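For reference, the structures are reproduced in the following blocks.
Okay, so chain A shows up in both of these, paired with chain B first and chain C after.
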Partner chain A sequence: MRKIPAWLWILLTVGATGLVPVVMTDAFFLRLFTEALMWIGLAITWDLVAGYTGYLNFGHGVSFGIGAYTAALLIMRAGWPFGPAAVAGGVAAGLMALIAGWPTLRLRGAYFAIGTWALNRAIMQLALVLNFTGGPDGMRLPPFLDPKFFAWVMLGVVGATFLTLWLFLEEAPFGLKLKAIREDELGSLAIGINPAKLKLQAYVLSAVPVGVIGSVYAYWITFIDPVSTLGDLITDQAVVMAIFGGLGTLIGPVIGAILFFAFKTYFWAYLSDYQVLYLIILGLAIAATVFFLPDGFWGTVARRQEGRRALQKGMALAQLPEK
Partner chain B sequence: MSEQVLKLDSVSVAFGGLMAVDAVSFQVAAGEILGLIGPNGAGKTTLFNAVSGYYKPTRGRISLLGQDVTGHAPYELAAKGVGRTFQVVKPFSGLSVLENILVASYLRYPRQAEARHKAQEVLKFTGLAERADMPAAGLTLAGRKRLEMGKALALEPKLLLLDEVVAGLNPTEGDQTVDLILKIRESGVTILIVEHIMRVIMRISSRIIVLNYGQMIAQGRPEEVAQDRRVIEAYLGEGSQAANGSTA
Partner chain C sequence: MLVLLPQAIIDGVLLGGIYLTVAMGFSLCYGVLHVIDFAVGEWIMLGAFVALTVSTWLHMDPLLSLPVVFVVFAAVGWLLQPVLHRVLSGSRGRPVLMALVFTFGLALAFRGGALTVFGIFTRSLNTALSQGSWSISWGSFFLTVPFIRLAGLVYALAVMGALTYLLKKTDFGLAVRAVAQNKEAAGLMGVDIKRTCAAVYGLYVGVSAMTGVFVGAIVSLNAAMGPDLSLFAFFVVVLAGMGYLPGVPWASFLLGLIQSFFLIYLNPSYVLLALFTILYVILVISPTGMFRKGV
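After this line comes the complex of A and B, so read on.
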């Protein structure tokens, strides 16, 4: 029997997940379903730059907010339909990444982390003071209240993102080259890799889907403001999910996103009187993960197997005569 | 006259006021193993970094296979046929031995299947095949030095720069590495090698260049260089017994 290729598995999984809104039609459930998918999309794209390439992007929310605002402005001010507006949101986020990544990713070290963090702040301030973005009042979009539609759109966008990242990172040479940069950037130069170019490609590849996701978010929630689309929480939560799930894999952040989103939902449903606790728990979760599960949830599971394989291999090696 | 692989034309590398490499000129012919020796701090590694593109020469020109490559980036030089190892080895620790070689194979073979084929070939050639699935971090020093050479070989270089690949190994491992270097030369790769262990460099080099304080003080066949008064002075200090002996 032939092995089923990974891309087919991914398509089948996405297809099967697409049946969920058919069976579960409860509006509250669909809202959670859609948001969980959104966080999966944010976590895997963050991991592309952080986990694979080794560069921390503390401005992931920039792509999200730019996507959301671009779509909202095109729909409200230019009368564009949702579809093209969402594509434009992705393009705008990609262009922003190109502009921001060009100077910061040519350098090694912390410049990128600091640069993206500052960029996020700057764009948020801009959205607050500009008139056409509605300033702190944000923007209201025409309501299109169809929870099933948004569940499927989000699934389509995130599913396509996962498949694209899988092909680029796990099938094509691109993923291993990024890992080489992460492991030793100077060493990667010697084997013909141009880190500045690849890092920029990775950053743009991570920003475009987030821009589209931001556009879908704007049309879905029908209201955006600087805090909800450009605030720290967008980046912070994606970071926690990716780290908790396990960096440098695509499955890890998916698991991390689902588990963390479940916790978050539970927290806001039952413990919302203790809001301040949320950020404290967020911080403790990060600290505990880094301390006890440095490879994340999935990394720990996978490494166990890897360790066992290495052990078996080692025993086999011990029996080989040393030449 | 055999083909000229590398030519340095009065190359200098300065760090502020310090001349780490001072107007060095030499040529490497195809199929040659050129040894580069000199006391600590003589500028050997700096010269390597200039030839592999990590440092831009402050003055002078470097040409590779007749083409001027002065100031080219390391990844451009890798594409043009320069492979190098690092004195302080740089394995991609989190990746397996196979992945380390594979990622270098992509330079010549962008297709996955061909790159894997090339990587397997290099693993066999360097004797790392049995350790292919091990994390690179788990290799011994000898293994990591072999991996360095494997990564460079996967680039199918015309010129291979080896920076102290024998130093730090025990005699058995050292002999195995020397055999590997000779095997690489037989496969048609030109080699420029820095090595501290005289027994090794004298044995394998067809020619030797001696650096001291960034300047080239001697060049020639191993036995000529070993007799050179200035070389002995550089290693043992002026007025030493051996230096006096050779003048007398």
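After this line comes the complex of A and C, so read on.
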């Protein structure tokens, strides 16, 4: 029997997940379902730049906020319908990544982290002082209350993102080239890879889906303000999820996002009197993961399995009769 | 508006002075440990809150709690450094970035802890020097120098002098400079690397926390102010050039001047926007700082 290709597995999984809103129609559940999908999308796109390329982007929220604000402005001020506005959100985030990425990606290591964080903060301050974004009061959008619609839209966006990233990173040479840049940027230049171009491609590729997700978020939640869309917490949580799941893999951040989101939901549902404790746990979770599981949850599991497989292979070889 | 010019300049210099100490510690820490500490703003914030707690508990002036704050936080830094060292060394890939993520996690946990214990309200530290000020008028120009700001500058210069003495004149300073230059070689020459690194981190954390007391007394203190302060510290360190100590005073005074000019002449709500934009632009144009001497 021929092996089922990975992209078919992904399509089947996404399709099966698409049946969930049909079976579970509870509005609260659908809200959690949609938000979990949103975090999966944010975590895998963060991992594209951080895990595969080795650049810690602390300005992931920029794409999210720009997508959300673009969609909100187009819907409210220009009267666009939701579909084109969401596409425009993705395009705006991509353009922003193109313009900002070209100079920012020349920075390395910690400088890149500081630069993207400063950019994120600067844009958040800009959204706070500008008039047409509503300043600190934010913007309200016309409510469109159909939880199923949003669950499917989010699933479509995140599923398409996952499939695209899988094809680019795991099936095409693109992923290997990015890993070469991560391991040794000068060395990759020496073997004929153009790091500047590839890094920019990866950066834009990680920004566009986040912009679309931001647009969907704006229309779904119907209220956006600078802190909720451009604040540090968007990036922070994506970072925790990706690192907890395992950097440099695509499945890791998905698992990390699901586990962490489940924990977060449970926490807010049962311990809401201690809201700020959430930050402590978030911070300790990052620190402990870096300390104890530097490869993340999935990375550790995958490495164990690899080791076991290699061991079995070795044992089998040792038992071969000598000729 | 011109009459306010001397005031704007003196405010800027006095405000910039307090960032000097943080940036010196940060630069030292980076030079020796190669750690970019994302929790630097949180150390400042925690220092201020510990001073607040100690001074209300013992009914004494917050400025008198400076030694307590220094000792407590130096001990915390000393004890924390081995953990950081384990993240930085070993067989893991990209240790420097992992250390950065680690301090970032610490920063989140500290902020959460402070928010839990002290709440979201903004407070200020009241010291004996808070009320008094020293006024000069000369024609239509006038100048008001609050004593507490002057004390901040004196404190900053004293810490700078002490650190310079420690680095240049003592055996410990020699060891620190040797470790910064070449870790292996310094180890071969008999420098206890673990202890030196722990002491440098403790020194940096202690100084940052002490500075927090002045930040709390001059500006205000709030459990959520850490990220902004971290970015101020990055601003100074990046402008000065990472690891280049002589650039630090200029960059600190520039930060203070930008803040005071925006507050007096332009819209105060643009201060943070301007600072973060300048930080970003400087990083992009010249990551080695305005003197191009950083690493």
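Rule of thumb we're sticking to: the second predicted complex is superposed on the first by the 307 of 323 C-alpha atoms of A that agree within 3 Å, B and C clash if a C-alpha of one lies under 4 Å from a C-alpha of the other, contacts with A are read in each partner's own complex, and residues count from 1 in each chain.
Please note the rule applied: contacts are C-beta pairs under 8 Å (C-beta built on N, C-alpha and C of every residue); 3 or more make two chains touch, one makes a residue touch a chain.
All of these numbers come straight from a predicted model, not from anything done at the bench.
Look at A:Gly252: by the touch rule set out above, it reaches neither chain B nor chain C. After superposition on the shared chain, chain A has more residues touched by C, the comparison being chain B against chain C.
In the superposed model, A:Gly115 lies in contact with chain C only, and not with chain B.
Contacts of A:Ile286 after superposition: chain C is touched, whereas chain B is not reached. Of the two partner chains placed by superposition, only chain B is touched by A:Asn194; chain C is not.
In the superposition on chain A, contact of A:Gly138 is made with neither chain B nor chain C.
In the superposition on chain A, A:Gly61 makes contact with neither chain B nor chain C. Taken together, the two complexes place residues 182 of chain A in contact with chain B and also with chain C.
By the touch rule above, chain A contacts chain C in their complex via residues 54, 56, 103-104, 106-107, 109-111, 113-115, 117-119, 121-122, 125-126, 128-129, 182, 232, 236, 239-240, 243, 274, 276-291, 294.
The touching residues of chain C, when paired with chain A in their complex, are 36, 83, 86-87, 92-94, 96-98, 100-102, 104-113, 115-116, 227, 231, 234, 238, 242, 267, 269-270, 272-273, 276-277, 279-280, 283-284, 287. Taken together, the chain B residues at the contact with chain A in this complex read 52-54, 73-75, 78-79, 83-84, 86, 90-95, 99, 102-104, 106-107, 110, 112, 115, 127, 130-131, 133-135, 138, 151-152, 154-155. Listing the residues of chain A that touch chain B in their complex gives 171-173, 176-177, 179-180, 182-184, 186-194, 248, 309-310, 313, 317, 320, 323.
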